[in-house]
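Paired with chain B in one complex and with chain C in the other, chain A is shared by the two complexes that follow.
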Partner chain A sequence: MHPQCPTHEHLSRRAMIKGTLATASGGLVMNWGGLTSAAGPVEEVKKRKKHCILLWMNGGASQFETFDMKPGRSTGGLFRPISTNVAGTQVCELMPKMAQKMDRIAVIRSMRTSEIDHPGGIYLMHTGYRPSATVRFPEVGAIVAKYHGTEQSDLPNFIKVSTQGDAGAGFLGPTYQPFGIGHRGDLPQFSTSQIKSDVELRRHNLRSFVESEFTRERANDPARMHREAYESARRLQGAQQAFKIDAEWEKHRELYGDSAFGRRCMLARRLVESGVPFIEVGQSSYDSHADNFSWHKGLVPPMEHAWAGLLTDLEQRGLLDDTLVVWTGEIGRTPRINNRAGRDHYVRNWSTALAGCGVKGGLVYGESDADGFDVKRDPVTEGDFFATIYQALGVDPTIENMAGSRPVPLAPFGAKVVESLLG
Partner chain B sequence: MAVDLGKQKPKLHRQLAMAGPWPMAVAFLADGKLAAGDQDGRILIWDMAAAPSSPVAGSKSQSAPSSTPIRMLVGHTNGVSRLCASPDGRRLYSASLDHSIRVWNLDSATTGEAETIVEPQSEQDKKAKKPEPTVKVPTQEAEKVLAGHGDWVSALALSADGKRLISGDYGARVIVWDAATGAEVVRWSGLPWNWIFAVALTSDGGTALVSESRYKRDDFDVPAAAVRLWDATTGKEKLDLLKVQFPKYDPQAASYEASQTWRKYVSHGIIAAAFSPDDKTVALAVAGENDKGTAHLHDVATGKLLRDLGSHQYGMTDVAFSADGRYVLTTGRDTCLRVTNVADGKEALQLGAPRGGQFKDWFSACARSADERYLAAADIAGWVQVWATDAK
Partner chain C sequence: MKRYETILRVCATTAIFVGSFNAEATAAEGLRDVIDREVEAAWQREKITPSPPADDAEFLRRVYLDLAGAVPDYDETVAFLADKDPAKRAKLIDRLLDDPRYAQHQADVWDLLLFTRSPPGYDTDKREHFQTWLRKQFAENVPYDQWAGAILRADGNTVDDGPPMFYVQYKSKPEDATEAITQIFLGVQLQCARCHDHPYEPWKQVDFYGMAAFVSRLDVVTVGKAGQMNKYAIGERPSGDILFTGPAKDQQPGMKGEPIGPKFLLGDAVKEPPLPKDFKEVKFTPNQPPPAPPFSRKNELVTWVTGDSNPYFARAAANRVWAQYLGRGIVHPIDNMSPSNKPTHPELLDVLARELAGHDYDLKWYIRELVNSRTYQRSSRGGSGAELPQWFESARTRPLSAEELAESWRTVTGYAAAEKLSGKKPETSRFRPLEGGYVLRFFGKPYNGVGDFQGGLHEHLYLNNGPLGTVISSAKGSLQDALLTGSESSDAKVDRLYLSLLNRPATESEREKIAAYVAGGKPDERWREAIWAIITSSEFRFNH
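After this line comes the complex of A and B, so read on.
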């Protein structure tokens, strides 16, 4: 080995063995990693690290049509509150399944964030930082991938399923870039090799040799990144089974609800079982400037069914204690109903929710005023929100990474962990 | 005497104040009375012959007088979505988001009195933070509550002979009722996940038109739409208008790709439907903010699209035929009530004018009195606009 080349620039022994195995078996015996779903791997996962599933409500779900209802007020809207399994706590009638999971989640009714529109809000609620011309902040998924990910894992450490956000790994670099997959949860077509495995291996070996020779005297980042990208793509070939969910979906369709979002949530659980530290699952179309009530009546029921199913499934498999489930979008929606039966963007007071990984269930944190215009008690900023997420995941939010010569903490300076949310 | 609605020059006769939640439904009753229901479940009744009240001080949107409601129908606990009056105008049927249908006998005596907000508050009083003005209105409770739906009852229609009532909800359930007894005749379900947006019955109540679709569950999770004619006695499907329009369309294949086909025709939903008085054609009002809402006119026997009628920017909200079947009345999100000639599709009348900025307040529903002396539109700005025609 060349003294200037770090270990990870070379074909690892593990990958070589697995590649050889794949060749020897004609591609039938693949590199499963931790893919089997029996109790054994669960224990293995538990022994390992924390996980995070981000349920992303793209466009900004309304707090009034989910967790912070204002019945009888002019801002209240058409839906009615229902009781939950936590005495004294009510949620929107659109969420009967989650109403029975309130003892497992903590709701924050006092979010106050600083980006009112979608691009900025998406960036903010993925990174904890406002967009900056000088620093490319990493998404929470990249940070979790860095601190809880496994190098040389067969599956990517940061997976996005039908979701938004383009901050990616930011200054953390391409190692932690998200791997995006489509709305059905299938792997992109480009990720499946169309050539025979023995040919693939021959090509890989040749490419590795050429790259090794090339980098022997040129140990630079682009060459390393190129090589890593090829390597992770090759490893993914062996882990495709994780994304083949049709058979398991038939068994769990009822639990998650028969919806595209339900499928994505089940895939997320499967990926957690397989050791992926961060999965983001998106649902689209909450930007209800018109027909807010129809949009939410269409979107919330399949979402909440899937979310409740996910919590049940994680809990039954013993994964919820080590998996943080975050529910948020980029913005909330206005208290005032406009003349298109819509609600516009609002960030002065809105709601998010957390579950698992030591988050106290049954808790409603913060309070909005009578009509939902402002935070009445315990405001939570985006910085506080992300600091709390990192803390729950066992990562010190004050850890600094270098963006060039500038140290940048995981959560912005001044952010406070909302300790009362954590057990 | 038959009235040629298209040749009338209706004048704004009343702007009946209904401040608070949006008025969503309107219907004419017997003896020159009118009912309107709002998003809170309140139903108010006015008498066209009642003394006009003074306009609200400083109001820029009031150009005709209001009057005090003579009755308030109480019982619904969520928005009123549709109102239908019996042919003699003495019974009212109301559909609500509280999952119920209520039947009101308007000959019954009132049972109480309640204070309610009717007039909008003047800007001066708003600035002075005075409490909103209320009026005392006699109240009445429903004669009957029809329970059978498990979700928002979004669609309601009565046959012209007054014998059958049909309703549909957001759980895809359709129920045909005996209007006199409130007994169920038949019920059926639409496609999975769908919402029943519109229903209509032929004059004898024998055939039903049901429109169903829903807002998406995700960009790539879009259940199929359907617009079908049904036997309203047996609950058997008679004709699928979407299949006639798009022969290759398979409503069982709910998918994003399929939605690209029916979206062109259904847009955000066929929000209202009405059979012509001779039952030969049916008009379907297209909703959806992204479109210029039109009404599709179909031949009932063949299901073929005959022509499109009318145009409301950002979509229609309601449709009705004139008594002679020569015109359709439509309301929409452009703050207009339009009367369109069925024969040639040309607009004969435009009542109201688009107002506001890029997006207008809506007229959420329309109605005509049986004698066509009055036309009315429920206006989300908090009014029921009533025009008087030249009919005697």
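After this line comes the complex of A and C, so read on.
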């Protein structure tokens, strides 16, 4: 009945055990030397631009096992609600740390989106648009990189750590392509130069000469992109310290929780400090068509610990005012529990959350009906969601970029900013 | 007849703007002349200044890459540039079209189109038999409609024959197969109509499922083994219908839907003979060739797709192969030939399609006409800088494929020559000495999905810090060896460097710069660095 999903999106018991192991040993796998923090002064970062961290729940986390409890209903599931530090707001018992952060975040309980399967949903919830045969929409990360990024920065402006989605920069072009980091926060292969710096420099100068000879008579776009990409690959050599987080991790392990996802969240904070405007951090995999409750019991606690730690850390460093933290996946999960104790894909009503960068804390926006089948009040579409994100980041969501000859607004035409979420 | 009228009407309309051009090819002129006439008329109309004609060196590298999938070596370069024969370009084209590398290169292009770098189905990464078959079609210049038909008919099995592999990737996914068939062979994008009626296009959701019905009864049957490899055949069940339940957004649990029969896209429904009363559904038995159904929908589809009663097939092929050589399709993107996406040169596209069909889909003839045109032989100098110039006023710039890069690196550094000279049996990988997995990962998908180059950071991490150095051989017979041990002047050596790596002589400033660079340190290190700088540069990375 539910749409087919590619096998790799699905959970297997073996993958779950592997996932659990990775979580348990996440802190032990790194082998980088102890290093001091490379972060610049906070004031300087703040003087610069706004940032966004996207916490990506791959596969689609269940709203019923996180922010939209239905105690006593047939759709409610196994877990109990707990009170939070906001009077009258309850969340799932799997989230004790986030329960104490509810005054910092705004939850949307009325998401209604339009792509029910993983590939489409991943595309939709990264771009705000449904996949199209003719327009390649850019991911939110590429848009933030464009409007808050720094040209010629040593670090890429759009970094994805262990996450999904391949829409990339779309029609914005390769300048805004994401830079992918492995699930332990490790740099991609061949990131580090093995050549002595004086040799590298003279070789670089010669190569620059070769490039200039070719482009002298050709105002050639691909050649320009090729050169720019080469330059950023080269500059990355000087910025690798930002990814060396072993020493710092030792100090923050408790704050973020001892998990691979926690480590990735700390890396995201550190990259924000280093000036990177957009970092996406992924956690896999929530696609719980079977054994929904054991899956969430395994996945939610380390995730929520890391998320709460990230909010604390950002706030203590004075970064939360300029850093938007977005929590979402590509889909929600069905109210009905299937005969394998699973929940299938559902997009008529599900939940997401926002924090920081002027988002009002302690707020729950929208409401689902008694069993969570449908939005009872204030539906939020993917377009509204992205319009609100851009607005919070100080970027007008109606700005248009050209996809060929077609103007495309950042958030889809007709999308409404959810003003009451923003201070 | 109907199509002919359309063409006449289109010509009559444009005559007002263009003058008195008639796009029809006369007996005296070849297709190449019609191409140049039409393209140049559009420059006049659009007030466009074209780039100058490509010089010999520019043409040489371009046509080698486009026809043979690799750059020429030093000797071939020097010989061509020195040749005084005014017909040398046409002769080179003829020679390359008969080179075995032509078949290999075309097979690479079409294999990538048919399967992409990451095909969805199982075992489709083991398709060397399909690739061998495809290569044979080009080596023997089998007409396009025949081999395209063979892919869609999928007779035999994946090992002894090859073609069934195309459907294997869409096992149990008739909708995906439908999208691929219409996009590849008809140049039409139906994927929107899969879920909803298309707001701007003539085709509706029922049209999509009418096309899907032709392939919905297909199944993949394992018919044996060849070593470790499974042999697959495509079986067709005699019955079974797609049940259509309306737009995806209105789907409800428990909906049954209406059966949809096979219907050609914007064409006729297919009348099927009724099944006998005592009919029992066939179950395919493993290790036995699946029996042919009493009535094959699939074969009806093949006949229609490759036949001349459908308005898309010839145009889609003419436009696709045009874009392979000229960069942009006359309809662009090439697989979106919808009424809302207008061609830039409508009369020319009509002629190309008619002539291609009229020459019995002889691709070699068609390609020969394309690359002999003045239009193909424009320089990439000057111009707007666009990757794919819209009016074909400059040559397009295209990134080399992963295969072309590996082959070209091996050729220009003399790795291949040294390998030959050593007398040792070379490794079989076509990416040698580089690791194919890396080359494919970093260079396998250079486009963003709409045909624009997207040079990411990652390919430069590989070029700057990866194992590219292994291909810069210093063995006897290699370029580096010739530079180090040769007794020529340093100017002559720099010329050799450029003729080897970029298939052109060095300029004055290049001679100076490189000679000084090499003189500034240990020659072996310096030559090696110079080779690296050039083979990682834009001039090498692109076909321009």
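Please note the rule applied: the second predicted complex is superposed on the first by the 383 of 423 C-alpha atoms of A that agree within 3 Å, B and C clash if a C-alpha of one lies under 4 Å from a C-alpha of the other, contacts with A are read in each partner's own complex, and residues count from 1 in each chain.
Note that in this section a contact is a pair of C-beta atoms (placed from the backbone, for glycine too) under 8 Å apart; a residue touches a chain by one contact, two chains touch by 3 or more.
No experiment lies behind these values; they were computed from the predicted model shown.
S.K.: Using the superposition described at the top, determine whether chain B or chain C touches more residues of chain A.
M.R.: After superposing on chain A, more of chain A is contacted by C.
S.K.: Could you say whether A:Ser284 touches chain B, chain C, both of them, or neither, answering first, second, both or neither?
M.R.: In the superposed model, A:Ser284 contacts chain B only, not chain C.
S.K.: Using the superposition on chain A described above, determine whether A:Met402 touches chain B (first), chain C (second), both, or neither.
M.R.: After superposition on chain A, A:Met402 lies in contact with neither partner.
S.K.: Which of the two partners, first being chain B and second being chain C, lies in contact with A:Ser162: first, second, both, or neither?
M.R.: A:Ser162 contacts chain B only, not chain C.
S.K.: Once the structures are superposed on A, label A:Ala370 by its partner contacts, choosing first (chain B), second (chain C), both or neither.
M.R.: In the superposition, A:Ala370 contacts neither chain B nor chain C.
S.K.: Mind pulling up the chain A residues that touch chain B in the complex?
M.R.: Chain A reaches chain B through residues 78, 80, 162, 183-184, 258-261, 283-285, 290-291, 294-295, 297-299, 301-302, 338-340.
S.K.: Can you check the complex and tell me which residues of chain A touch chain C?
M.R.: Contacts found on chain A: 1, 6, 114, 132-134, 136, 156, 168-171, 173-174, 177, 179-180, 188-195, 199, 202-203, 206-207, 209-211, 213-215, 217-230, 232-234, 236.
S.K.: What residues of chain B sit close enough to touch chain A in their complex?
M.R.: 39, 78-79, 97, 152, 170, 192, 195, 214-221, 268, 289, 314, 333, 356, 359-362, 380-381
S.K.: Going by the contact rule at the top, pick out the chain C residues touching chain A in the complex.
M.R.: It comes out as residues 120, 189, 191-192, 249, 253, 333, 336, 380-387, 397, 399, 448-450, 452-466, 507, 509-510, 513-514, 517, 525, 529-530, 532-534, 536-539, 541-542, 544.
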